[in-house]
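In the two complexes that follow, chain A is the common piece, with chain B as its partner first and chain C second.
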Partner chain A sequence: MIFGLHSKVEKNSIALVLAIVLVSGVGGIIEIAPLFTIDNTVETAPDMRVYTPLELAGRHIYMREGCYACHSQMIRTLRDEVDRYGPFSLAVESKYDHPMLWGSKRTGPDLARVGNKYSDQWQTQHLTNPREVVKSSIMPAYPWLNTNELDTGDLSGHLRANASVGVPYSQEMIANASNDALAQASPDSLDTAALLERYGKATTVRVFDTNPDKVTEMDALVAYLQILGRLTDAANSDDSNVEGGS
Partner chain B sequence: MIGQLTLLERRLAIAITVLVAMVGAFFALVGRDDLIAIHGWVILMFASLIAFLLCRAIRLPIPPEARLREYYDDPTKAGIVLSLFWGVVGMSVGDWIAWMMAYPDFTFDAAWASYGRLRPVHTSGVIFGFGGNALIATSFHVMQRTCRARLPDQLSPWFVLIGFNLFCVLAASGYLIGITQSKEYAEPEWYADIWLVIVWATYLVLYLRTLARRREPHIYVANWYYLAFILVVAVLHIVNNLAVPVSFSSAKSYSLFSGVQDAMTQWWYGHNAVAFFLTAGFLGMMYYFLPKRAERPIFSYRMSIISFWGITFIYMWAGPHHLHYTALPQWVQTLGVTFSIMLIVPSWGSAGNALLTLNGAWHKVRDDATLRFMMVAAVFYGLSTFEGSFMAIRPVNSLSHYTDWTIGHVHSGALGWVAFITFGTFYCLVPWLWKRSQMYSKFLVELHFWFALTGIIIYLVSLWNAGIVQGLMWRTYTEDGLLAYSFQDSVEAMHPYYFARGIGGLMYVFGILIAVYNVYMTIRFGTKESDIEFKSPDEGVVASKLETSTGATQ
Partner chain C sequence: MSVEERDRYTGHMTTGHSWNGITELNSRVPRLWYICFAIAFLFSVAYWVLMPAWPGMESHTQGLLGFDQKKVVKQQRIEAEQNTAMWRDQITNTSLSELADNAEVMTLVRRAGPALFEDNCAGCHGDLGQGATNYPSLNDDAWLWGNEPESIYKTLQHGINSGHSQARIAQMPAFGNSGLLDSESIHDVALYVQSLSNPLIGNGSNVSELLQVNNGKSVYQAQCVACHGSNGQGNPLFGAPNLTDTHWIYGYPLKTLIETIVAGRAGQMPYWEDRLDDNLLKILSLYVPTLSEDAEIHHSDDRTKTDNS
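What follows is the complex of A and B.
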């Protein structure tokens, strides 16, 4: 039957095109579409917060430098991973990640819960020259992050684009994005109070790169690394099963 | 080459390049505070250069009508050269960053030269630059021969080829200056993505127009694969790259999907880029050039049909095996494994069909390195697809995922299958198209073959070991129930394997450099067809024998 049908399709290019599109379309539709409609695909976490403008800028630098090529942000439900990195990752934790940075390779360790694991100083020093901190590290050095001043000019646009794909940034957050980014890395700034009001009291305000004179790309990247795994507490309260991996 | 275009085509070409240059100027102007301005300039200069070449040639004599009785091969020739160019770039960068993993300071003290920015130059350079150009070039060749029809016009193949290379230039240069979406194998930003859609739509229309002009009632197997490659890659590319740009003056965009939905979409794309870019397209190449070179008909027509529809249907389900034990719902992971295992059937169907086609021609495989390239490609295709299905099984994946085993697997497919079938094809095509009796040096083809094969084996063995050692170290516990190794212990254990991989990669790079030299010498100094009896490749061995073997009638 299939051969008979095929011999007809084989003589008609339009039929061939339609058949290919139809046959190849099934898998994607069945696997992807329900993820948007099945409610328990993503857990609910009322305490989930959005990235501050500084953290979002840091996330952009993380992507720009290709960190995702060597570091995953997805702790699997395996015993050794939970022991090594902490509670396994939940879908909700990357709910505001456009795109996700789950990664596919661990040349370096997973970073899903690296937030607050090391001090700002350690992170800065490590990014500036990894081998100064970890002798046998094979990570590239990123010294230019210390000297590049953070470009906050179009952060409002970044927040607006995020809002248009579903991240709940308010009009106020969008309008003040640039000031908020600078304020988060300048504890003495007058804008700090407004930042905390918009993003919550738990927002970390400090000099991230050990250099209080200017807000650099290092400030943003470290601020981002320090929030990883801390946008919601949902993973710590979850009691789902871990599968034995060993 | 421009002299072959009609006057109307030349004018249209100039109009298109001017239009593209204007788009470049627009980005350079409105995006002057953003990285997109650099790309604006790149587009402007790229288009201006071509416009300049066109204008200089506009007064060349009108091509004779006689050209319409021959196939149009100029774009194929250019595509082969471009493919080799990108192959050298992509593979050299690949080996460079491989050495960086053994010696992290083996680089310049500059942002563009850091591992994270160079890695996508390697992946895009090889997949799109080398592979994409090879597919476009060979598809033009194959569709004309198997349809017994000349390309419908001379402008659109050039638009597809040059437009695609503009995309490649934007991709590679973007990563170096920090423009990326960070989606693996789909890193170029929104404007480059839109440009690719335009190029790709032209490609599809060109393919269909050529098919419409065919003088064969049947559409040959190779064309099914090329067509599936064009169609499905278009769908994957569009869906996975849906994004909202920050503004028209910003290179940055934010993906429409987030978190788990984005992960699923990304790996639906990622896995099927492997399926339809790196498999279907190259199977199209294999189904034409392998029987042609072996001078044997395809072993089984029915096996081709089953394999083709099997691959088209089943591959699309396999993406979730990239996301085992993650926050992706279990039911999707289960579907992913099931279909990944089923994939062995059509994959081995194709590999087996290729190898059985060589029955009666094994003495040629022994003597002819070009055919041996294709034979080994089919073997690696079979091995890689088996390994892929194996690694998709959940417990295996729990060990292999995130390790260098995956990298080894990818390269067994890329170096062993994709590049080997391409090299075999190029060694056939170059003498045919440039009307040479044979390649400049058979010895150099032989040398390339052994360099490349040895390189692959060193590469694969070292990364299998690396991956398994890594995976085991991560999950080993002491008797007290503590993790036995720190992460850094596993990094240190990788050094010898990374060193060996660097050597394997270097041998492979040597191989392609030999190929480039050999191709150059063939084009430049090869014996002309007229000097020796030249066997025309256009006597359709494939099509006619296919029909006698399957009983299909005209």
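What follows is the complex of A and C.
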């Protein structure tokens, strides 16, 4: 019987070590093997674009303020979620997210496809005081984002760090990260042409926080929120996916 | 190592280990535990066979049931569409004006509308369409682009100043920031705009005010008529608001009006054609005009209440 084998193995140290190696080896294979075939489970998205420095800075503010604690960025493969939020999230959509912000709990709604759902003005007003636009909201207010000037000093470093884990930022993008961040929120800036050259014509250049006088953290966060779900069109074009819901 | 022996109290074997005369029983695994273990094991074997489970070098095992949650969602949505095919076809193939006259469709619109509105529109326009500062109310009789379902449908599809290639464009110039008007003219024209809906302003009781309003009127005639019309009645072709009514998007105080004229306005409404399918856009286009009817009902309710009390 199996219990007889067990009593023999536990009394023989070499046999016990071999048995431990065998069992944990099986566990290891089950955990590691999917990585060899990961290409089969991640969809392709040739149109995928990277976050601009301003959007990346906004992403850092999103993390700093703990937005992920109440908002997920993951539309699950459930009908009610697809009905409410749009096509379910694909793995490839988080390709350049380091770290990913899928979240596992919702106090507020999912934000995976919130980009372009509201105007910049609404986002700014809502972050400054949520009750001003949604009376019943329980979200905290973040008024300091309007006054904190955006610190772009460390953006080159952030781009380099992302590049080292596979995000295709070029040397030129890394070197100009700070200028590009400021240019994206300053439509009249001389650096705008270079920004569009580097990140593509579809990059949105505008004043995001309704205040053209300075580039604030609000600019960065709204720029980030407005790009959520819009880095690639893969979710709409994927054969296995369904059309956007209500 | 001492010899394994049978414990004389419990009848179990001992392990043969003894510490100061205390010996360790080698009792069997409880039967219930053993059965549960066996069931769990059998379950997992069955699961491996039926469901996607093991990774391989090329792909993973697909399972005999061919289960795929993505397909499940797709199927559920197809079924939901089939259940509603009757009215979906009707809405797809009928023009908005015909639909608006169809009582059956409008019953449906009133049922489906509130949830759609709440999910997508209420964030800016309020849960009853009452609007807020910066966001037009939808439950009154003041409309920037007209309140026919067709106009609302176009606004929903493409948005206003939304970046969509067919978006409605409404841009009030920044008369102050661009240097078109000096601060005195701006003040006077703001006062004139106030006078359009407030007969107390510039009624002659205050001569300097009257002069300012008159000066404002000539500035208005030179700069503002193209969009807002010679009498300030607005123009739905440009989304230019009526200035003679009491509905204000950004506010009626002189300070706000001056801000508007100095810096201009370009309110933004997102486009929805990528987000909502065409039937839902049509339902919303039919639902939005009913908001003002509902508001009227509320108002008349209020009046009845006051009458009764």
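Following the convention adopted for this analysis, the second predicted complex is superposed on the first by the 207 of 246 C-alpha atoms of A that agree within 3 Å, B and C clash if a C-alpha of one lies under 4 Å from a C-alpha of the other, contacts with A are read in each partner's own complex, and residues count from 1 in each chain.
Throughout what follows, a contact is a pair of C-beta atoms (placed from the backbone, for glycine too) under 8 Å apart; a residue touches a chain by one contact, two chains touch by 3 or more.
Computed from a predicted structure; not experimentally measured.
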- Query: After superposition on the shared chain, which partner residues are touched by A:H6: those of chain B (first), chain C (second), both, or neither?
  - Reply: first
- Task: Look at A:T204 in the shared chain and tell me whether it touches chain B only, chain C only, both, or neither; answer first, second, both or neither.
- Result: second
- Message: I'd like to know which partner A:S119 touches here: chain B for first, chain C for second, both or neither.
- Response: second
- Please indicate which partner A:V134 is in contact with in the superposed arrangement: first for chain B, second for chain C, both, or neither. both
- Task: Decide which partner touches more residues of chain A, taking chain B and chain C as the two options.
- Result: B
- Message: One more residue to check, A:F36. First (chain B), second (chain C), both or neither?
- Response: both
- Touching A:C67, do we find chain B (first), chain C (second), both, or neither? first
- Item | Contacts of A:R84 with chain B and chain C, given as first, second, both or neither | both
- Message: After overlaying the two complexes on chain A, where does the chain B footprint on chain A coincide with the chain C footprint?
- Response: 3, 30, 36, 40-41, 77-78, 83-84, 88, 134, 243, 245-246
- Counting only contacts in the complex, chain B reaches chain A at residues 33-34, 100-102, 104-105, 107, 109, 111, 114-117, 119-120, 175, 178-184, 208, 211-212, 217-219, 224, 227-228, 231-232, 235, 239, 243-247, 250, 252-266, 268, 276, 302, 305-306, 309, 312-320, 322-329, 332, 335-336, 339, 398, 401-404, 406-407, 470, 474-477, 483, 487-488, 491-492, 494, 552
- Task: Write out the stretch or stretches of chain A touching chain B in their complex.
- Result: 2-3, 6-7, 10-11, 13-14, 16-17, 20-21, 23-28, 30-32, 35-36, 38, 40-42, 60, 63-70, 72, 74, 76-78, 80-81, 83-84, 88-110, 130-131, 134, 136-144, 153-154, 157-158, 160-162, 164-167, 243, 245-246
- Message: Going by the contact rule set out above, which residues of chain C touch chain A in the complex?
- Response: 29, 55-60, 68-74, 76-77, 80, 116, 119-120, 122-124, 127, 132, 134-135, 162-163, 267-271, 274-277, 280
- Task: Mind listing the chain A positions that touch chain C in their complex?
- Result: 3, 30, 33-34, 36-37, 40-41, 77-79, 82-84, 86, 88, 113, 116-122, 125-126, 132-135, 204, 236, 240-246
